[in-house]
Every structure is written in structure tokens, then in C-alpha cells.
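Sending over a structure as C-alpha cells; questions will come in a sec.
All chains are identified by letter, namely A, B and C, in their written order; residue positions are counted from 1 within each chain.
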Amino acid sequence: MKVIACYKWVLDEADLKVDAKSRALLTDRTKNKISEYDRNAIECGVQLTEQVGGEVVALTAGTANSKNSLKDALSRGPAQAVWVKDELMSQADSAVTAKILAGAVRKIEEFDLVVCGEGSSDEYAQQVGIRMGQLLNIPVITFVNKVEVKDGILRAERKLEEGIEVVEVKFPALITVLPDVNTPRIPSLKQILGAAKKPVQELSIADCGLSPADTESKVSRESVLGTVMERKQIRVQGEVTEMVQQIVDLLNKEGLC
Amino acid sequence: MEFELTEIQSLIQSTVKEFAQTAVAPIAAEIDRTHRFPEELIPQLAELNLLGVPYPEEVGGAGADNLSYVLVIEELARVCASTAVIVSAHTSLGTWPIYQFGTEAQKVKYLSKLASGEWLGAFALTEPGAGTDAAAGKTTAVLEGDEWVLNGSKIFITNGGYADVYVVTAMTDPSKGTKGISAFIVDKDAPGFSVGEKEHKLGIKASSTTPLYFNDCRIPKDAILGEIGKGFKIAMQTLDGGRIGISAQALGIAQGALDAAVIYAKERVQFGKPIANQQAIQWMIADMATQIDAARFLVYRAAWNKDNGLPYSKEAAMAKLYAAETASFVANKAIQIHGGYGYTENYPVERALRDAKITEIYEGTSEVQRMVIAGSVLR
Amino acid sequence: MSQIWVISETQSALLELVAHAKGIAQGESIVAWAFSTEAAQAASKQGADQVIELTGAKRPEDYTSAMIERAQSEIPIAILWGSTRRSKEMAARLAAALDAGLINETFNLKREGQSFRAERYIYGGLCVAREVMETAPFMAIMVAKTAEALDEGAACHIETLTNSETKIQMIELRPNLATSNLGDANVVVCVGRGIIKSEDIELARRLASKLGGELGCTRPVAEDLHWMPEENYIGISGQMVKPTVYIGIGVSGQIQHVSGIRDSKTIIAIEKNENAPIIEAADYALVGDLYQILPALLSSLGA
């Protein structure tokens, strides 16, 4: 079975800071990482191939900086990596990203399954994977928290608001996975060192079959500002009885007791 | 000259950091408080190839370099100095002598089990009467037919009671001074060998530190490690590498303490603002961070020298001396920044101070390091 | 005539979307896509100019091709969706087929001629991004409960559509046994890691009950400790709540959780660590031991 696991190289949100006065986002000392849900996607692909045989191809699209993601991805189990390199990825919206990745998937050929995270940890637009499925004209199963493959059929459980929907589909197909689908294993040192020896293929946007018109984002970002929570920030002081009295007064005012 | 880690080294660092945070940090306080050796971590460490980091894959190791090994120890020590020394003692002291001086047969028997982490190793040089004066050991080894018979005792042995195999030094010829000492490989179930009670220590409480007793302990003739009379040299060379591991441990302890102090300083509000806004605190943080980085480059440089086939004895001594003293300095300041809270067990900095102290003592006291450095510089 | 489409397989969301659409319509006809007769009738009376009732398929997603076909011929100027998972899938598929932009979980929707602007949270709630789209169709997934259903009026025409198509076989749907009313609750009491053992959650439960509210928790309490079901966790990737009063008990206030409670009218926190982020995120912060404060509060309320 050939599985393509897609991932995004994102800013590590732990490093992000917001300037208190200007509300500007400060990214000068940030590091990158593979987006959390994409780690689940890679792990999902790897576990499936461990069960039924086959291999995983890690796929990403990004600026030149994404080169640093390849060994990280490869250390998690994929046999090879493919990446599409272009500076426009710093501005690309979901529509463009999906077209690029779908083009790369077509170049990889003869795949059975594409696995994506349900969304990226930075943008959480929750759509790139789904768009890819539509563009590739393959069935899409979203919000999967359990998946298995048997005799060429994929059975998945989708976690929806109303309950669990169990579905089956034949390959080729695309799934987007939730973080509870698995717990990604920590790579061993041998896996990390082995990553350096695995093949990597670099593609351009042109290689993916995109025309210049295809690379125009439909959604553009006008501004990014730190969220402001304007709260009273009143510290209730005193003995327990005094504090409790103040809460009860508050609740009374709202007509709750 | 590059001051950045390679991609693979960075990846190793971030991976071990994640392991340290998810598997080690949650138990660090508890194993310190209960003096419990974290047995459950050993198979996890082995699975990630963290118990044979600098040994080639062919012998069961990870096949990484010494700088990577330093990064592993540092990241572990950042959250738990005990776990770090368990790994360091096993890797640098327990495994290295067999890797470097073992016969083919010995390597076949021991090396892959040690480097893969299936077995844990330890090293026994120190005796009640022989600490810094390491050559003054009184444990003897006498050849009787097909066996060596060892008599005597060792003290303060890291991983004592949990190791599967011990590299032990003993006197084979008292008349020859340091040239009368040899090294031996002793299996844990060797007849006449026993492990004493764990020491109750100030710090690294989860690390098991025990005496070893040899009462007519019989080991096979071919259990001698290296040539007869070369044991002292083997021990000294082993300690050179061990120093790199300990300096990484000290570095990690210091970094962990600084990390905690920075978080606390930003959150603790006094006089209406975080104490991080106070110059007194800022200057402490600046001094701590600078000394840590200075220590860092000494440690990395020692590892780099070893990786590149350059002499590293003086460099390792400098790294250990400086990193150890930095760890104590930083831990002390970290508690100061935490104020009263830092003195309680609710914050990790008191443990950092207790753990830091030993790095100035074991595997060669700071005084010994100074001797080594001076000896090299004044040659 | 130009159209604005609103699509949701949930009736309540559909009616909210009609209201959103009214807010941005500049002469366009509002076409509501309903997935049940009841929803179709409600939408037809509550603001829609046209209603399409989808019937016959096993799963809502199976109508996606039919939507694509219709969209390619009608070319609506905008399509608004509710924020359910099924809708997110349908929306993204439509967006790909129409080569359109799609903005997820958005609020503050504004229109200027053919330009549409909306805001959304990124980086786990740390920042607000303002996005703009200038090519049709404008597609957005609207945050739930940010508009009120319109009043009833005369019913419009309902067209039935039965095309559906899928390669996916539905085996079964296992409905949730536990349902959470947190999203609608007027009072929310939330427990965090300050709670030492799961039995102590009972205290919070009593408080919620006394105040006629719902009990929720932070993510670690559900996902790591498994002391409460996942449906009860409040945060950016869990339940979003907008009660009149939110009371956090032993909640430290990580950004992902705070994002889930930011629309609360009044936030009260009981937390012993004065440096916890919740203190800055609250209207009233009681810095103290919940094991002293909570029992006293319950006793004061007669709970």
C-alpha cells in the first residue's frame, strides 16, 4: 500500500509572543515544527503500512525554510519525502496550497491513500486535505479518529457532533485525521540518523502542473493582531467568608440565586 | 568554525527534549522524593537508542557522535539529573572501557547488550580509602588457575545494584604502584560479589549509589579487561570521557534551573510588576545565562575534539570544572530569584541545587580537574 | 438574479445563516439549502427567498456533487455555512470545485460591494486575523450563535432536490449518548487541574446545579485524566461557551481554554496560583484555595 502523508512546517506557537502595546505578533525568535495534527497524519500512515505492508511518502509544500522539516518527517517512519519549494508558500491560501499538493500527489502517482491532518495548528482552516481530495477526484473521509485497512478497503470512524459515523471506501481515497487517532511515537536515534539517508525529491510549482493563475490566493490577509481580552481583572481579596460574599452578591445581581 | 548544531544534531536534541518532557519530567520530583531508581525508564531509553548513543550501529549503538551524546545527557539533566547520570555512567563509564579495550570475545559477549540498553553497565574504581588518590585502592585480584579471585570493596558506585555488568579495577601487583592495577569485567551474578545498601545522598537521589563487596569473588581468567597492569590507565582514560558526560549533566542542570527562574521572574508580581522588570533580577539572569553559554561551549568543544580524534583530556577537564561550578552558581541564584517558594519542594530549583553539588565532586573533583588542566598547560 | 446561498444540515444553524445572509445581501436572493422538511419549512418562513430541500441520500455529504453542479450554473455571489464538521467537509469540496476561497470559523462579516471581510482566530486563539475576499463566490463558515433567526413571515417556494452521489459506504451512525449543553448554557462551571481528585468534581457539579448551569472542564481533565467526557471540554478545539457567568475552578487559563470562554459576560476564577494566566483573563479573580472557597460558597448558597 502506498500512503502519502501530508504535513505543514509551521511556527511553533510556544515561541510566539504578542507585543502588549501594539498587539503585533512577534516572530523573531520562533522555531518551526511539524504541525501537531500532521504528526498524527504521518503516524497514521506509518501504522497502516506497518500493519498491511507498503510505504509512506511524506509530502509538504513550503518556502526554502521547509527544507529543515524533511529529516524530521523522515525520522517518523516515511520511506521518502517529496517537497514543493516556492517562496509564494508564505502567502498561499488554502486554495493554492491544495492545488500545489494535489499536483505533487499526481506526480507521485499510484498511491492508495492520502492522509492529512484535520487542520494545521497555526491557521486551522481545516480545508486543505478536503480540497485535495476534490481536486484529485477521490473520495474524502474527514474527522477520522479510527481507521483500519483490510483487503483493499478502508474502514474509518468519523467523530461528528452527533456521534460516530462508520464508513467504508475503496482505494484510492483521502482521509483527514483528528489528534485522537493515535499518539505519535517519539523517533529513536537510529530513526533520526537514518532519516539522513532517505531519498528526498524537490519539486517546483511548475512540476506540479500549476499555471501562474493557479497561484493567486483567493483570500488575503489584511491584518494580524494579538487578541485582547478586556476584562475587569478585579482581585477579590479578604478572608474566605468575605470572598464568598462578594461572589454571592455578583450572582444575585445576575439573578442567578 | 561553526557554532551551530547540524540538522541531525538539532533533531536529536528536540526529540530527546520531547521524551524528557513527556516521560521523565512527570516523575522527576517523585523519584527524587522517594529515592526511587526509575526502572521503567530503562526500556524506554533503550528503545529510543539512548543507552548507546556514541557507539556504532554494528555493535548495537545509535551510531551518533559524542556531541549528540552530550545533547542527550543535557536534555535529560534539564528535567532530571538522576536519569542523566544513570545514562552517562552506563554509557561513558560502564560501556566505553569494553568498547575501547575489550577483546573480540568480550565485545561479542557484552558490547551489543550494553550499547543496545538491554544491559546496564557500571564502573567501579573508587574505594573507601581511594577517592582522589585513585591509585591507593586496596582491592586485590589474584590469579588462581583458571580464575581471578577478587577481594575488597568499592564505594559510591553509580548504578550499583541495577547494573548487569561492572568494570572493576583491582591490584594485581601491589609492588608496582599504578602499574600494578588491572581492570576486570564482573558480571552481577559472579560468585562472591555482592552489592551493599544504597547511600542516602543530598542529591541525585534516584540514582543508585552503592558499595560493592568482593569476598573471594571468582571470575573467569579471560574476564580481565585490557592488559595486566594497564588498569589505571584504562580508568583514567575512561574518566576523561566520563567527564564529558558529567559536564553535560551539569550543563543541563544549570539550564533547567535558569529556565525555571525565567518563567518565575516573568510571572511573579511584586510592587505591581513582574520581578523580571527589576534590574537586580535582570543582572542575575544575565550572569546565569552567560555562564551557562560559556560552559556550553566548553562542553561542546570537548565532545567535538573527541569526535574529531583530537586530544580531549584537558578540554574535558575544563568543561567539567566550569560546568559543575556553573551549575551550583546558577541553581543557587535560581532559588534566590524564586524567593521563599524556591526553598520549598513545590518548585524544582531546590532539587537543582542539591543535584548540582555532586558534579563538582564525582568523576574527579574540581581540584583534580584543576590538576589535570594545570598539568596540561604547564607541560 | 444573483444569489446568496446558506447551507446547513442543522436547522438552527440554517436559520442563523439566513440572518447572516440578510446582513450582507444587496439585492441578492437568499437561497437556503435544507436537509429536512422541517428545516425547509422553517427557513422558508424565516427569511429565505428560495429553499431547496435535499432528500434521499444516506449522508448529507452525498449531496455535494449536486451543490457543485448547481453552483456552477447559478454562480452565487456568496455561500455561508454552519460550523459543523459535515459542513466543513462539504464547504471545502465545493470551494475546491469552484476554485473559490473559503474562510473557516469566521465572525464580524462585512461587505463592501464585491469585497467581503471577516475575522477569525489563528494560532490557537492568540491572534485575530482579518481576511478579505474579492472574487466570487465568497465562502465562509460562520461561528455558531452569532446571529439570531429572523421572525416568521410568508413562506417562500420550496424546491426538492434528490441528486446524491458517493463512493463512500455508510455502515452505521452511532449517536452520542452524552450530549453537552455547554454551548447554550447560561451559567458554566468549569473544573481544571487545580482539582486534586476526580471525586472533588462533585463540588463543582453541585454549584452548577444550584445555579441552573452546566459543568465543563479544561482539556487535560478530559483528555489526559479522563475524569470527564470529551464533550465537556471547553476550549478552542472543544466547546465554545457564552454564558452570562463562567466560574473557573482550579483553571489556570491557558490560551486554548480562554479562547473558548472569551464570549462569557462575566468570568469568575477561583485559583490559588496568583501568577496563573486566568487571573488576567477574568473579571473577578479569587486567589485562594478552592477547597476552602468552594464549600463555603456552596454552603452560602444552600447547595
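Assume contacts are C-beta pairs under 8 Å (C-beta built on N, C-alpha and C of every residue); 3 or more make two chains touch, one makes a residue touch a chain.
Everything numeric here is computed off the predicted structure, so don't read it as measured data.
Trainee: Closest chain to the protein CA centroid?
Mentor: Central by C-alpha mean position: chain A.
Trainee: Count the C-beta contact pairs for A-B and for B-C, then tell me which is higher.
Mentor: Comparing A-B with B-C, the pair joined by more C-beta contacts is A-B.
Trainee: Quick one: subunit A and subunit C, Cα centre-to-centre, how many Å?
Mentor: Going by mean C-alpha positions, subunit A sits 21 Å from subunit C.
Trainee: Where the CA atoms of subunit A average out and where those of subunit B average out, how many Å apart are those spots?
Mentor: 39
Trainee: How big is the gap, in whole Å, between where the Cα atoms of subunit B centre and where those of subunit C centre?
Mentor: The computed centroid separation for subunit B versus subunit C comes out at 54 Å.
Trainee: So which bits of subunit A are touching at least two other chains?
Mentor: none
Trainee: In their shared complex, at which residues does subunit A touch subunit B?
Mentor: Residues in contact with subunit B: 68, 71-72, 75, 186-190, 192-193, 195-196.
Trainee: Within their complex, state which residues of subunit A touch subunit C.
Mentor: 11, 13, 16, 18, 25, 93-95, 98, 119, 121-127, 130-135, 139-143, 155, 158-170, 180, 217-227, 229, 231-236, 240-241, 243-248, 250-251, 254, 256-257
Trainee: What residues on subunit B touch subunit A, complex-wise?
Mentor: 7-8, 11-12, 15, 18-19, 22, 47-50, 53, 57, 62-64, 68, 72
Trainee: What residues of subunit B sit close enough to touch subunit C in their complex?
Mentor: 267-269
Trainee: Report the residues of subunit C in contact with subunit A in the complex, numbered from low to high.
Mentor: Listed in rising order, the residues are 59, 84-86, 88-89, 91-93, 95-97, 99-105, 117, 121-133, 135, 166-176, 187, 210-212, 223, 244-245, 258-259, 262, 266-268, 279-288, 292-293, 296-297, 300-301.
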